[in-house]
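Structures for review follow.
Next, two complexes with subunit A in common: one pairs it with subunit B, the other with subunit C.
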Partner chain A sequence: MAGSAVRSRRGYYLYLIPGFVGLMLIVIGPQIANFVLSFTAWKGVGTPRWVGSQNYERLLTDDQFWGSMHNTLLYIISMTIIPVLLGLILASLLFDYVRDQFGERLSSFFRAGLYLPQILPLTVAGVLWGWILSPVGVANAILKSIGLGTFAQNWIGDATYALPAVSLVIVWIQVGYCLVVFMAGLSRIDPALYEAAQLDGAGWWQRLVSITVPMLAPEIFVVVLTTLIHALKVFAPIFVLTQGGPNDATLAPSYLTYYHFFTTQRVGYAAAIATVQMILTLGLALMFLWFQTRQAERGA
Partner chain B sequence: MANVGVLTGTPAKVARPHARQRAPMRWVVLGLLLLLLAFTLFPFFLALINAVKPGPDYLRGGPLSIPTSIQFDSIIKFWGQADYSRKLLNSVIISASVSVLAVIISLFNAYALGIGRVRGSTIILAILLLGTMVPQESIVYPIYWMAKSVGLYDTQLAVIIVLAVLQSAFGTYLLSSVMSTFPREILEAAEIDGASRWQVLTLVVVPIMQPTLMVLGTFFFIWTWNEFLIPVIMLISNNNQTVSVAMGLTRGQNMSDPTLQAAAGLLGIAPTVIFFLIFQRTLTRGIVAGAVK
Partner chain C sequence: MTTTLPRLALAAVSALTLMSSAALAQGTTFNIWWFEGAESAQGLTWTKALEELKANHPDVTVNFEQKTFDQMQQSGSMILNSAEAPDILEYNKGNATAGLVASQGLLTNLDEAFTAEGWDKILNEGQLVLSRYDELGVYGSGSIWGISTYGEYVSAYYNIDAFEKAGVKVPTTLEELTAAFDVFKAQGVTPLALGGASTSGQHLLASLAYTKADDNWVNNYQGLKAPLDGAPYLYAAQTLTDWLAKGYITKDSTGMNDDDAALQFTSGQSPVYVSGTWNLGNFSANIKDFKWGQFVIPTPKFSVGSTGNLWVIPKGSKSPELAREFISLLLSTKYQTEQANNGGVSFGADAAQVTNPVGANASAVFKQIADKQGLGFYPDWPVPGFYDVLNQKDTGLLQGTLTPEQFVDEIKTVYDDAQASQ
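Coming up: the complex of A and B.
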């Protein structure tokens, strides 16, 4: 930050006004209001009644809440773990193998195709998969047509299969995001590294483990953190596919919050769940930020 | 968030010219990739063939059969039933407004933070970023309540304001880092010529940054198009709803009519695939032209 010759900085503050007002009104203010509400009992009309930490105490023994937190751990598998691993393997295959063997065009084609689910509105993905996975849907029709009709299930209506089914949809959505970020990251790696490794006789897998993964460490970190944050707020796929059911088998904290805010109208209680969610996310977000600044300092 | 990588990515390297490997392995790998691609694109394909499949065809051959003739009855029926023209128009209005508004807010913020380098810019950026990362669930009720008390509930304006503010945080973050590398000589030259701060912004910074602003605007447009939680809470009347919300609410309504469901899916897919094709070009153009160094 060398002292620039550009005129006094004070006038620039004017330009921050619209953003600042918006931030206060839409983000900070509501965030504080929500926190305060979490210590009250309120039906959304009349005056909120102060109840202290009662909502949080109730949370501790709320099976629905703990069930949704438990499901969040399972959603992390489909939001983060599987897509990151698949994304890494695919990015490296497309970049380090398909490109050499079949050319740039084909590699870009695969990337675009695999990315497509990512740009779809989540609700449209929900409509598509809801139709495929319904009892009279496509998945069962396929099973029947290949003689495996006995394996047909009510995929999203049966508590045993609902969570894996929703997870499959989430993986389908998420892989493209990881793939595209990883491929963008790969393009800054010096090709000479790969050539040298190849001359030394390193196979594709060895190059993946010893060059791609270490070089992509910043991207992997960013993708893991952002997808973890997203895993904490999975909402639309659940809203469209299962509404948290059957028997809360696919319930996530976001859906539970929504349910209490707008269906049971236990606003204070919902605000408490949202606050827990907010604190967890804030932890992850702070890690992300800390990492970004460290990266920036290193790059400078 | 990590779209930063895509936006600021360097041009891809040129493929390495080296000996092509033994044949069988190549084809196995290619085969596996094609299989995965087929699985990924399968729902799109299914929606397409079943949306144009005549009802009796579906009853006879199920979802996998290739239609014997093409008809648009299901699509027309869903279009009418969902008042899809209205939904498309709403989505376009909301997405375009958010995109423009969010770009302007981001530009102003970034001008002060990246070029003005006002004191506390790191902290301001951090607060902005944290603000967008925390779940919308924890701000949605107060916003809903505020909108109700000022008479903006169930108006598109409320959704536009909220989403523009939320998205401008990312825009500020991105533009500030781009603007902090803005050539100082150009700014100083403009200043010596007597340009005011506003003139520097509109006559110097904006024209040079235009490609980046376009890419950012495109992102905002698509993100807004896909937004669900805020619109579904704020827009309860049918006439105000977006495509994304309409899709979220069709669930289960047409279970008994599979071709109608496929039509719904196809109509939901179509706009985004169209954007995807346009957006890919904008994006590459943005990356190439964004290299103002």
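Coming up: the complex of A and C.
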């Protein structure tokens, strides 16, 4: 009996092969190659030359790299913190207030509208935002036409405004994702909880803080983790809008990796930056998963 | 289930076999790539020449693929290093691009073809500087690895109507240029359109640096022969900040790319725009409301400019003879004249046959610069990745976060680093 159970289970391993091969080819293999390359000097063609830890030593004193790391902290605000908070408030507003007061349709309309940036191709959205934020663009034209010309700014060309402007675009993209996950989560919370709280005189804000947030903890974990990873590898909005400028004000590590890989032909150095990024992301993800498991165990 | 997998595998294998035999049955194919726009003088001319090549060889299947500058700039070397390389392609000139792949043995040597095909009768040594790369991939000496069939240079485009209306004559010195700017500024016009975050920003900067550059400086700078002598750049940076302070350029230019800046010129809002001959097609087609012309930024000798991108034949080309024939076609008087008539910068056009004033003028200006050995090349060439560095630091300068001295220090750090580690 036991023997046949093992044999039949062994059969299942066969089904893991395609996934395993894919994982090796697309994730693990390149990761190892990248790690090895980070100890070489290589121009993308020809033979890589072994240089030991030289690339990593260079990283330690590279202002561009540290500047991009500093910007990453700011990107975490615009990719994780603001979208999660905003998503939470909007989700509970739509779910708890708009739907009750104005009906399912309007609530669905807003949900779809806020999710739209997620399905727009980022390059298209980026080009459009470029037109809006250009000094001779739509935003400034509107401000001038309504007599608020003094507020018109060189949005993506001035270091003071470039990072907030790029962040605004990122928030616009990210909110929909948070919102949709949170709304899905809300639908599994027992409505009786809200009714009871309402009967006890709890307002909208109290219901949000005392019921929604604790009940949504698993969703919040997932969203925070995935958006954090997005923030650590942010590339496309920067590539399309500012190319890391002006004067590196919006530079992110992924863009720096891309820059060294494709334009300076310091492939080894780019690999070193990518390795540091990978370790950071992996570390953060593991920490979060561990924390989540512990929370779940406590809950159970 | 046990029989399905082998059957699938068999099907896949036979499909592959079928595909490869179909490819063989097609006979000779000729794969050609370029990235000049379809509406540019080069694109128009090359398309026509390719038609002639097709007509001459009806048995050959010609496959043309339109690429972009960025595609080739970023992954060109990897494509050439693979089996996917075409039989001939347009490739970016310079040490970091053509030089790199030539030194890695990825291109066909064209020394023999140069004389055998009679290209030596059309191109002079000055037009070959960027065709030659040595074993380290440094331009200027060594074998011929690519052939350019057109020229490029950066100049000031100006609105003739606006100049006439303001009573300003075409400047021949830098002082006259700034005096012209003053006249427009007094009328409340920002005279100079500039894409500060883009190519035209660094080309203006380099044009100003070249007003203080001699042969020695340009040779050292472009050849990465010594640590950067920052004096010409310091002058350029100081001049640029001065122009900014006087309102010749808007501070908003840091948020504008070349398309935005070109639009300021074509829409008539700014009467001057400093950029390259690659705008000729666009301006010819889109400026209807005013007359426009070009003048070269007054410098003692050097202008930003060079021979154009190169036609290279990859090492693995299956039709090198056809590739050579195509280059010969492009260099022929017929297509050089055609190119000038399309508004391009030609080397060997028959002046009597050129009816397009834009192409005639541009070809003449190029000849004038080339004849005095005044092609100073582009400022981003010496160091891979310098293009982005110059753009970033240029915007820093224009928005006032970098002083001219800091600007020079920062680009010198990158330059000297590359110079020391070559």
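We adopt the following convention: the second predicted complex is superposed on the first by the 279 of 300 C-alpha atoms of A that agree within 3 Å, B and C clash if a C-alpha of one lies under 4 Å from a C-alpha of the other, contacts with A are read in each partner's own complex, and residues count from 1 in each chain.
As a convention for this text, a contact is a pair of C-beta atoms (placed from the backbone, for glycine too) under 8 Å apart; a residue touches a chain by one contact, two chains touch by 3 or more.
The structure presented is a predicted model; accordingly, all values stated were derived computationally and were not measured.
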item: Partner chain in contact with A:55 - subunit B first, subunit C second, else both or neither; value: neither
item: Which of subunit B and subunit C A:72 touches, first, second, both or neither; value: neither
item: Subunit B versus subunit C as contact partner of A:134, first or second or both or neither; value: both
item: First, second, both or neither for A:262, with subunit B first and subunit C second; value: both
item: Partner chain in contact with A:174 - subunit B first, subunit C second, else both or neither; value: neither
item: Partner touching more residues of subunit A, whether subunit B or subunit C; value: B
item: Which superposed partner A:245 touches (first subunit B, second subunit C, both, neither); value: second
item: Subunit B versus subunit C as contact partner of A:92, first or second or both or neither; value: neither
item: Residues of subunit A that lie at the interface with subunit B and also at the interface with subunit C; value: 44, 134, 136, 262
item: Residues of subunit C touching subunit A in the complex; value: 73-75, 77-78, 80-81, 96, 100-101, 104, 106, 196-197, 250-256, 260, 263-264, 383-385, 387-388, 391-393, 395-396, 398-399, 401-402
item: Interface residues, subunit B side, partner subunit A - complex; value: 1-3, 5-6, 9-16, 18, 20-21, 26, 29-30, 33, 36-37, 40-41, 43-44, 46-47, 62-64, 104-106, 108-109, 111-113, 115-119, 122, 124, 126-146, 161-162, 164-166, 168-169, 172, 184, 187-188, 191, 197, 201, 222, 225-226, 228-229, 232-233, 243-245, 247-248, 250-252, 255, 258, 261-262, 264-265, 268-269, 272-273, 275-276, 279-280
item: Complex contacts: residues of subunit A adjacent to subunit B; value: 1, 4-7, 9, 11-16, 18-19, 22-23, 25-31, 33-34, 37, 44, 90, 93-94, 97-104, 110, 112-114, 116-117, 119-132, 134, 136-138, 141-142, 144-145, 172, 175-177, 180-181, 184-185, 187-188, 191, 194-195, 198, 219, 222-223, 226, 229, 232-233, 235-236, 239-241, 253-254, 257-258, 261-262, 267, 270-271, 273-275, 277-278, 281-282, 284-286, 288-289, 293
item: List of subunit A residues in touch with subunit C within their complex; value: 43-46, 133-136, 154-159, 242-248, 259-260, 262-266
